[in-house]
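So, here come the structures, one by one.
You will see chain A twice below: alongside chain B first, and alongside chain C after that.
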Partner chain A sequence: MSVEGLKAKIKQLEEELAVQKSINAQNAPAREKIAQMSSEVVDSNPYSRLMALKRMGIVDNYERIRELSVAVVGVGGVGSVTAEMLTRCGIGKLVLFDYDKVELANMNRLFFQPHQAGLSKVAAAAYTLRDINPDVEIETHNYNITTIENFNHFMERIQKGSLSGGPVDLVLSCVDNFEARMAINTACNELNQIWFESGVAENAVSGHIQLIIPGETACFACAPPLVVASNIDEKTLKREGVCAASLPTTMGIVAGFLVQNTLKFLLKFGQTTHYLGYSALTDFFPTMQLKPNPACDDSFCLERQKEFAAKPKPEVVEVSPVVEEVVHEDNEWGISLVDETPADAVEVTQSKPVGLAHGVDVAYELPAAESGSSGPTVQDTDISLEQLMAQMKKI
Partner chain B sequence: MSVEGLKAKIKQLEEELAVQKSINAQNAPAREKIAQMSSEVVDSNPYSRLMALKRMGIVDNYERIRELSVAVVGVGGVGSVTAEMLTRCGIGKLVLFDYDKVELANMNRLFFQPHQAGLSKVAAAAYTLRDINPDVEIETHNYNITTIENFNHFMERIQKGSLSGGPVDLVLSCVDNFEARMAINTACNELNQIWFESGVAENAVSGHIQLIIPGETACFACAPPLVVASNIDEKTLKREGVCAASLPTTMGIVAGFLVQNTLKFLLKFGQTTHYLGYSALTDFFPTMQLKPNPACDDSFCLERQKEFAAKPKPEVVEVSPVVEEVVHEDNEWGISLVDETPADAVEVTQSKPVGLAHGVDVAYELPAAESGSSGPTVQDTDISLEQLMAQMKKI
Partner chain C sequence: MVDDSTRKTLSCIPLLKTKAGPREKDLWVQRLKEEYQALIQYVQNNKTADNDWFRLESNEQGTRWFGKCWYIHNLLKYEFDVEFDIPVTYPATAPEIALPELDGKTAKMYRGGKICLTDHFKPLWARNVPKFGIAHAMALGLGPWLAVEIPDLIEKGVIQYKEKSDV
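== the complex of A and B ==
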């Protein structure tokens, strides 16, 4: 189409939009923007229960949240709830990335509603989020970050997308595939950008979040997942009549963990957990810290590791491992504690790769579990990291 | 503007137009009712990702959820999300109880939207929930369950409110005060009705859920909370310019735990956790089981205890306490585990009663914490249960 043709098209769309907006006048924003967060306890103050965190001694300076910018990559079952929680908390700015459309098949997760079916996820999300809290600035990008052109633009928005025009304060990965996670990892290693990875297993009953500080903690390429899709995307799987299971509970909980740790990290309260797992069948929550891999494939990860090694460190207090004693004393309350953690629920990987769907493969052989082992420990393996990496590359 | 710029502008306008058009379609029902849950993997099937739980080997008979009825008492920060999750999961029927109105001050939690301010919570919730899933039957009661007249009606709806006209399958308590919890407890003990209690601390950073099986586990009167409001209701507190803090994260996570364990209990998969706590500052999740108190004040609780004692029991396998060994071996992955649980984060009570708001008191003296103790253990106390109960009654 010619430039004139494109301009005419724009004019036509603008007119149609004006008509639709006038019909929807009753849907005008439900409240005006609020210039400053107030602690006043009145029914009309949407920030009273958040500002109360200061009086309760939990957060020193809650208002700082208005200056912060967070990118959410993937606006599906976890990402949409993540964006909603941050919006309701009054975050300064959200930058949303997704290239998918809302479908009725998404209605078993929170946030999207059936009348939004067919809309792009970012447009539908931005509309709802602005209605919930007009004080939040929302920037949307309706594209796949893994193509070269989009990837460069994605990098630029991470670097310049904050309220002040600088880098965003945090990137939250809520994507559902290996390729997109690797793209985020590559960008964040190069930009030295701190981010959280999140994930939910395809059987819907486990998930995790993981904080990645380039050079300081393991990046996504340092410790790749054991199971990856074998070059078959979700659309192909769906065409073949197979899809992953999902639950609003698991996804809501993972989004809750992600945003809660985001708030702790950005507003400096409590302890930010580096890795938090969730196993729904037994209510088991493994935590751990992962060191970067000195043989990581990502050259920027190695560069960040060198920078981190050269940095002066605060004195580390040696913590000796604490063996927890389980106390089963009789007491007058009639209360007793029961260890509900089965020995086989403590692997670091999200879930055992049993019953894998068609098109999904184990990336390499799982080492046989040592019989009789218990407690939250990382599976030991006889295969060297180099061998594993070589096997990864073959996929 | 460049051709790319014009094309981007067209794309943006087209998306905005689609959103505006979707709003006009909002008043029409978004989808027809669906007679039977199908596993078919098409974009238009809202149940495909739930029915996939069968193929994944997680749930044997997911469709059974359509025959189940659940009462949700309290439709606030936890209850509204609980109702939404169950609705999206395709529960047969919900019976909702609340007497409060939606306010802008609720917008820091999920579910309600600013344009609903002023509506009753049950009416606003029912409207949204029916739009999300018209297959769910929703019954609402806009009253306070603690008045005598309403309490009798509440009892009747618990007893006869299911799809078949019999008792509901489960009662979920999502209320925010002691009086309402005691009313639910009284009703459920008398009706021999299994229920879940839930709660979030007023500093917004901890919460819990607890399964109560009359006669078999502790009821709410068997082990009353350490801290209760001293006859000052929330309205008075608000008038005095004080309100509890709350976060969409903590409330979403507690709702997620509540519904996940509801699904496990009703659809018979995984292990239902009897008590699950959540401490947000350290990501600590205590679990325990509470036996009923043989000196409970509730006469129906004592009756249920007698019935349970008389029941034939399945043989109990003695489980010896497992001492978890922390493994810190060097391994080729460069992975190490760090115990992130501080010794002072493991009390069974929700949170330390520091910084209590005006109008809230400690019901009795907390025993001094034993110094040096660690691990998830119940605080021991020198006070007898009778003394505690006597003190409770004085309040």
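== the complex of A and C ==
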């Protein structure tokens, strides 16, 4: 489209927007911005039940949430619900990334509404979220983070996207594919940015969240992707005719796990999980800790590991975060927590991490050393790239 | 598992040597040369075997690829545009090959017309980083996808034969 064409298009869109705004003004925003969170219990205070957490001694300083910024990458079935929960909790700022549009095929999931079909997910989400809580600052980016044109900008927003112009406090990966997870991993290892990975299996009946602290816990590239056993025999799983299934339940549960641990991490209460899996068919929730792989493929992961090793460790009088065959105090019905967790953090090796929690496995194994296919290799050549490109065109 | 003919096809595509993605300016040029060498060889193999089925070219930086692929069914040639970007994490992650005009026409696709790969693709790719390149992704990903999906889509009447001048 020409510049003139684009200008005309912009003008047309501005007019449409003005009409829409005037319609919206009639159903005026539910409330004005609130400068300070109050713990007053009145029915007009949206924060009273959250501030009660402070009164009850669960969270020391709940208002701090207003200063915090979180990036949500992927605003689909998990990311949109995650963003809504954080918005309702009164997070200071959200930075949303997604390149997709809302489709009617998304309506089996939560958050988006049929009338939003055709809008970009980030724009539709921002609109709804601002309506729910106008106190939250929302920044949106409608692009694919894995491409070279967008990746540097994505890194820059992670690094400078907080309310104070510094790095965001946490990145939440709510994407649905390996490529995007690896891109987030690359960015966060380089920037030394703590992030949560989350995922729901393509069969919709298992999911997980994983905390990644560069250098300190296993990064996403340290091992092949981890999968929670769904107790379905893979051979009987029919993939003919479809790519992926999804359920609002599994996605909502994973989003709930993700935001719960985000709140614990950001507001420093309870214990933040390092890995929490979910198998829907068996109501099974494996947890574990994963150490980084000293032979990780990501050079920045290795650099972060060195930095972490050199750092003096704070002396922790730590209550082991691991629940070991604890018989519950009121064990009247003979319920006991099954040991789903190895006592020691798992060491990840290039092939298969040893001692993965029972019920968690790698999606596939990798050969320990240099191997894979063998055969003829491309010859060294003096032919220039341009010549090769021309040659390819001519065939 | 990967079938024998795909295995044989793969074994005739030269493997790549340089582990570099598009963020590594100098090494990427070297990798790109290898990509083109392997692709040229693969297309030539296909022509020799009377199984020529795609053409690809890239932008100058080699980060965006586009072209055509075609599938012969009952002596008729069905042709489709192919496109994909090279992700910043390439070659650790494979490119996501898309046939945009079939977007929304089959459940074996993700949004934007990205083809749904078999469970074998990712493990095999991961085990062969950095030796596999774009030619391997075509042979292992798009080739088998077309062979399974196109006849099915034709049978269901989802795609119709269009007269093309260049047949």
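Keep this in mind: the second predicted complex is superposed on the first by the 281 of 395 C-alpha atoms of A that agree within 3 Å, B and C clash if a C-alpha of one lies under 4 Å from a C-alpha of the other, contacts with A are read in each partner's own complex, and residues count from 1 in each chain.
Basically, a residue touches a chain if its C-beta (ideal position, glycine included) is under 8 Å from a C-beta of that chain, and two chains touch if they have at least 3 such contacts.
Everything quoted here is computed from the prediction, not taken from an experiment.
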Chain B versus chain C as contact partner of A:Cys243, first or second or both or neither: both
Which of chain B and chain C A:Asp43 touches, first, second, both or neither: first
Which of chain B and chain C A:Ala8 touches, first, second, both or neither: neither
Contacts of A:Glu179 with chain B and chain C, given as first, second, both or neither: second
Comparing the two partners chain B and chain C, which touches a greater set of residues in chain A: B
Intersection of the chain A residues that touch chain B with those that touch chain C: 103, 241-244, 374-378, 381, 384-385
List of chain A residues in touch with chain C within their complex: 100, 103, 144, 146-149, 151, 177-179, 182-183, 185-186, 221, 224, 234, 239, 241-244, 297, 363-367, 371-379, 381, 383-385, 388-389, 391-393, 395
Interface residues, chain C side, partner chain A - complex: 10-12, 14-17, 22-23, 29, 32-34, 36-41, 43-44, 47, 55-58, 61-63, 85-89, 92-94, 96, 107-111, 116, 118-119, 122-123, 126-129, 131-132
